[in-house]
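To start, the structure itself, in structure tokens.
Chain nomenclature is as follows: A, B, C, D and E, assigned in order of appearance, with residue numbering initiated at 1 for each chain independently.
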Amino acid sequence: GASGAAHASSAAVAAAAPSGEITVFAASSLTDAFTEIGRAFEREHPDTTITFSFGASSTLASQIDAGAPADVFAPADEADMERVEDAQVGRRVVFARNRLTIVVEPGNPYSIRSLADTVSKDVLLVLCAAEVPCGELAREAYRRAGVPVPEVASAENVRAALTRVALGEADAAVVYTTDLRSADGEVEGVRIPRRDNVVARYPIAALGNGENSRLARAFVAFVASAAAQRVLRAHGFLAP
Amino acid sequence: MTVTARIGVDLGEFSVDDVELWVESGTTSAIIGPNGAGKSTIVHAIAGTVPLQRGRIVLGDRVVDDVADAIFVPPAYRSVGAVMQDPMLFPHLSVVENVAFGPRARGTPRRMAREVATEWLERLGVAAHAHKRPRALSGGQAQRVALARALATDPDVLLLDEPLSALDAAARPAVRRELAQHLREYSGTAIVVTHDAVEAMTLADHLLALEDGRITQQGTATDLRERPRSRYVADLVGVNLYRGAADRDGIVTEVGQRIVATGHDTRGPALAVIHPRAVALHREEPHGTPRNVWPGTVAHLDPEGSRARVHVDAAVPITAEVTTTSIASLGVGEGAAIWVSVKATEVEIYPA
Amino acid sequence: MTVTARIGVDLGEFSVDDVELWVESGTTSAIIGPNGAGKSTIVHAIAGTVPLQRGRIVLGDRVVDDVADAIFVPPAYRSVGAVMQDPMLFPHLSVVENVAFGPRARGTPRRMAREVATEWLERLGVAAHAHKRPRALSGGQAQRVALARALATDPDVLLLDEPLSALDAAARPAVRRELAQHLREYSGTAIVVTHDAVEAMTLADHLLALEDGRITQQGTATDLRERPRSRYVADLVGVNLYRGAADRDGIVTEVGQRIVATGHDTRGPALAVIHPRAVALHREEPHGTPRNVWPGTVAHLDPEGSRARVHVDAAVPITAEVTTTSIASLGVGEGAAIWVSVKATEVEIYPA
Amino acid sequence: MTAPARTQRREVGRGRPPGLAIAVAMVAVAFFAAPLVGLALRAPWSSIGDELTAPATVEALRLSLVTSVAATVLSVSLGVPLAWALARWTFPGRRLARAVVTLPMVLPPVVGGVALFLAFGRRGFIGEPLDRWLGVSLPFSTAGVVVAQTFVSMPFFVVTVEAALRSVDRRYEDAAATLGARRLTVFRRVSLPLVLPSIVAGAVLSWARALGEFGATITFAGNFPGRTQTMPLAIFLAFERDPEAAIALSLVLVAVSITVLVSLRDRWLHT
Amino acid sequence: MTAPARTQRREVGRGRPPGLAIAVAMVAVAFFAAPLVGLALRAPWSSIGDELTAPATVEALRLSLVTSVAATVLSVSLGVPLAWALARWTFPGRRLARAVVTLPMVLPPVVGGVALFLAFGRRGFIGEPLDRWLGVSLPFSTAGVVVAQTFVSMPFFVVTVEAALRSVDRRYEDAAATLGARRLTVFRRVSLPLVLPSIVAGAVLSWARALGEFGATITFAGNFPGRTQTMPLAIFLAFERDPEAAIALSLVLVAVSITVLVSLRDRWLHT
């Protein structure tokens, strides 16, 4: 129950309740989930304030690199976390996972069933650019499925890829399951079998830049807590 | 190409009020008048750069502007050439390109256009500056180029707004002669605006005095010289003009002063002209034939070469023209008391 | 404030060559000369809008431009007021704001500046247009405003480049008088550029003839009128001028033609002046006193009011001034064969 | 030679461009209008009201207007002297200076943001002393947003105004000088008024650019609601969740700027 | 009254702005220079050579130059008539047209891209017929890149040139007309030459903007290396992996544009 979760978290936090303010830099794909989690945390610790700055993980990383006043960092993939390693304090936690899925136009006009079907000539496929996490993972998935990775129009991020399908400008795209759920109605999902699928890990860590590393640690712990996990689950993320 | 126009234009509080204009094909008319009389406005209206608000303009048999019939022919289609008061040479083109612009725009091939241009530049004595930018021209040179530019298009109607105002004293008669000759040879019709009496009279067959947007007098040079109908015209031709009521022995001016005259049969409202050369000046009251004798004081002197014009404040303010030597002998200075006499036979009276 | 200058400026192929200028404090000098002689250039050099390339300019006791000493005082710090040939009124300011600009820039409070401006606009007869934009002015009005703008700053040195060229015939004498009076009353020094002989002679104490960037003659009006030293000056004052070698009985012109004269003691290189009024015209060869008699043909006629100037191509090309009536009686038209006679006593000879 | 008769109805104003030009112009307008129409068609008009009144939107809109106006003011007050110097003063390295000024236009926004960090960031070679001695820290602050926007938008102002200043007739300035006006007065009372239309145009350009600025802002100032989250950032985030909302927000932004532009034009540029 | 004596050395050119203005101008330049210096300091000079010669870079650079130039040409050829119409022709809805033209400047890049989809995409209300009847499909093509860049950059050209056209002295055009020049001739041979500096300025602005365009391009045209991957896209993506590389690439882009700008200025805008 909620109270159980509350116990767990408060246990995680040592004797005195944390207080004050922290800034959390998080990947924009976490916007909704984290906003909710933040509110929950503040409810639990009345005299705390959590400020979020959402953006592209890489941008956030370079901001932290340049000395941004961030107490917590939650990028969309581990590579970006590596970049700020020396700023980290305390251990890094993977708090959620995500899977890939194929999205097609409603009604699946090209009757796409698998990754293999997406690479035919008359299907206009969109993937994230190889440089961004979702692109990397998607290409990995194709490799596992034994399908040659196609030369395709690539998007700067998942959202852009999804939008194109939603607008009917592309026939298929490979995105995260979480995105599928947020764009329900406009697109239709086509599962990728577990053995081909790739898992995206969402790490989170407290940073030394901030003044309030105690509260930062508390928040990181809270994100791992059951209460937060429920929220993440509700937004389609998989348990770590 | 005959120009017939009834021009009505309002510019702020000023307005040109339905000025009737009729310039016969092949002739030249001059528009004279004080500053702000509306001369340039009329020129612009005919050129088409200021649309009419009332009336109509007909060039030859073609209506180019008619408010009632909502007709307006843009300048480019009027075959009118104009030298506006401001030369407005294109700053980005060389002098010769400026002059060649018209012919080019009317379809003359480049080389031929340039030849025409160069020829005109020579006729107006600025060929030496053909390759300069207008910025690098002196005022007079610029005006000559503007004149060349207008003439090079060989228009049916030529509009010249003070085309010689910036020319030097020596060049002006020459250019004027050049222009007069061109106008004589040339089939087209010309309208010249000028402040120079000589210019108007040498260039034009017909003069038109415009004052405050209205025509006050028109006719030949002689008409205006001998029978001016307005103060401005009188000043321009340099005579004394009086308005009044004529009777058997002369005229009574508006201020009630009688001027004795003979040999006129005008009665009632009339105008009287006295030529400054006919006005004699005396130190003491003269006792002799002249019937018009008034005391007065010298208001001011305008020396002009070997002669001078003496403006006298008398019962009838009058101007006399005398030699500088006689001025010396009379010892007239401004404010000096003096006597004026005019023979009755020298007073010319005609109906107002 | 005395103006002393030695001006050397190169403009492309043209150059003003070290023109020496000396205008005493409180006096007015006029610069006359053909188009493109360099008059405006000199005015600009003194104003500081064209820096010198050679020489120096001293206003009062202050060196404002000196190439050798690398001194240059910008226009704003020269207390010079100028009416340039182009009025250059600020298009974004009203007429009165234009005139008030100078006083304002020199620190006069707004209200006072406006008063000064309005006063000058009245003196020049354009107060009625005080609130118009310059675009809405006629040529003459614009020039008057420009004049008012320069005068309103009450400068120590006043530069006027053809300040009255656009004024109408009636207004010009009045404005000229207004200006002359101001110049007389006024402590400052003035330099006037003009193409109008009368203007030059009424406004200026000292005249300066500039031709092709060099001074060809300077002196009082009388000097120039009676002893012109260049064709241009002769044309300006309207007399016949011949260059040649003088001996006991007259002068032999450069083309080898003798002109008989008496009562001169000049020998060697000399100039001879003949006034057009002293030139008589005849249908047949005259047999009488005149010692100079030549056959010729009428080149052209310039009627000027009741008189006309007849240009005759003779052994010595000569201009005669006669009444229009006598022209009629002689029946001279262009190209007509005619005889010219000049009394030896009418030929004025002086050293070149 | 007489030109072929060509009568035109009075109503048709003088100087109206010929049909061909008009046609091309219309194509151009259509080209710009089409995408906006597209947005309008797609927009969730039902929900747009809510979007507009949502406090977050209002916040972002307010911030956008405040910062973009501030950036424009900054651009004008720095840009006018700069344009003046570039147009009138020949000094060694003028060309380089001119190029440097135009560069932010070609710098990809994100890189622009990074560049700002490297200069004005906490560890930047200007930011660090600034922070240490004056305690001023630009990144992640509203001031930072203004800096980012100015950096990106000011070039448009400078280039426009410099070009205009070059084409001023110097004789007006000379006339002013002979009337006793010092250089500053000449510039203030003559040169500037003469180029006013271009000043306005330049201001409009840089304002619009600042209002739409995204990359440099989010990189240099982060994305804090109420502090640094301008409309474009809000739109970007909304886009992550639901594109419809993003479109709605964009239309709001567009509407606002139309209003501003139209009224501004009326105020200044009526012929 | 005599003005206080104030002598100045000859060398100092006439019309040089006063010290105050110069000072401000210098501050402004510094403001622009600083971030670039920052980049330069941070740049991996050792590897920059490789970056430059990397085929991908060369490809992207080539494509960027080609497309940005194409976009500029398009902007000029559409923009000149448009500016002309807006400046000279008073027609109902002129204000709206003017506003519409300026809008792409405020539209956030991503939304701009979406808007382009909605109009010119395969399902767009223009794109669809275009595709069906002419078989022309803009998205994800090089043409698409040009369209996106034109959409974003042309406004800068139009606004600049319109402002300039407004301040042309109409009397020159009248003079040309009385000399028999038709409207097109007047425009071509008089009006345009008179505003040449602003034409160049406008072209520079829109070229630079097009060269730096990112958002609309990647959304509308995707990111095919060699086909639609322009420099800014390459830089953005490089940034995801290693920022150093991104910086190196940006400096390359900057260097290229400096070269172009400087040479262009010399060619056109020397006073």
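Here, contacts are C-beta pairs under 8 Å (C-beta built on N, C-alpha and C of every residue); 3 or more make two chains touch, one makes a residue touch a chain.
Treat the numbers as computed from the prediction; the structure is a model and nothing was measured.
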{"item": "Set of chains adjacent to subunit B and to subunit D", "value": "C, E"}
{"item": "Required steps from subunit B to subunit E (each step between touching chains, minimum)", "value": "1"}
{"item": "Interface sides of subunit D and subunit E: same vs different residues, half threshold", "value": "same"}
{"item": "Geometric centre distance via CA averages, subunit C-subunit A, whole Å", "value": "90"}
{"item": "Averaged-CA centre spacing for the pair subunit E and subunit A, given as whole angstrom", "value": "37"}
{"item": "Whole-Å separation of chain centres (CA-atom averages), subunit C against subunit E", "value": "55"}
{"item": "Subunit A residues counted as touching two or more neighbouring chains", "value": "62, 163"}
{"item": "Subunit E, residues touching no fewer than two other chains", "value": "3, 110, 114, 117-118, 180, 182-183, 194, 236, 239, 243"}
{"item": "Overlap residues in subunit C, where contacts from two or more other chains coincide", "value": "74, 76, 78-79, 86, 106"}
{"item": "Residue numbers on subunit A that touch subunit D, as the complex places them", "value": "28-29, 31-32, 51-55, 59, 62-63, 66-69, 159, 163, 166, 182-183"}
{"item": "Touching residues on subunit B, where the partner in the complex is subunit C", "value": "11-12, 32-37, 39-40, 85-86, 132, 136, 138-141, 144, 161-162, 165-173, 177, 195-198, 201-202, 225, 231-232, 235-238, 300, 302-306"}
{"item": "Subunit D - residues contacting subunit A, complex", "value": "110, 113-114, 117-118, 121-124, 139-140, 218-219, 222-224, 236-237, 239-243"}
{"item": "Of all residues in subunit B, those that touch subunit E in their complex", "value": "47-49, 74-76, 78-82, 84, 86, 88, 90-93, 101-102, 105-106, 149-150, 153"}
{"item": "Of subunit E, residues touching subunit D in the complex", "value": "3, 13, 15-18, 20-22, 24-25, 27-29, 31-39, 41-42, 77-79, 81-82, 84-90, 95-112, 114-120, 124-126, 150-151, 154-156, 158-160, 162-164, 166-167, 170, 173, 180, 182-184, 187, 194-195, 197-198, 200-202, 204-205, 208-209, 211-212, 214-215, 231-232, 235-236, 239, 243, 246-247, 250, 253-254, 257-258, 261-262, 265-266, 269, 271"}
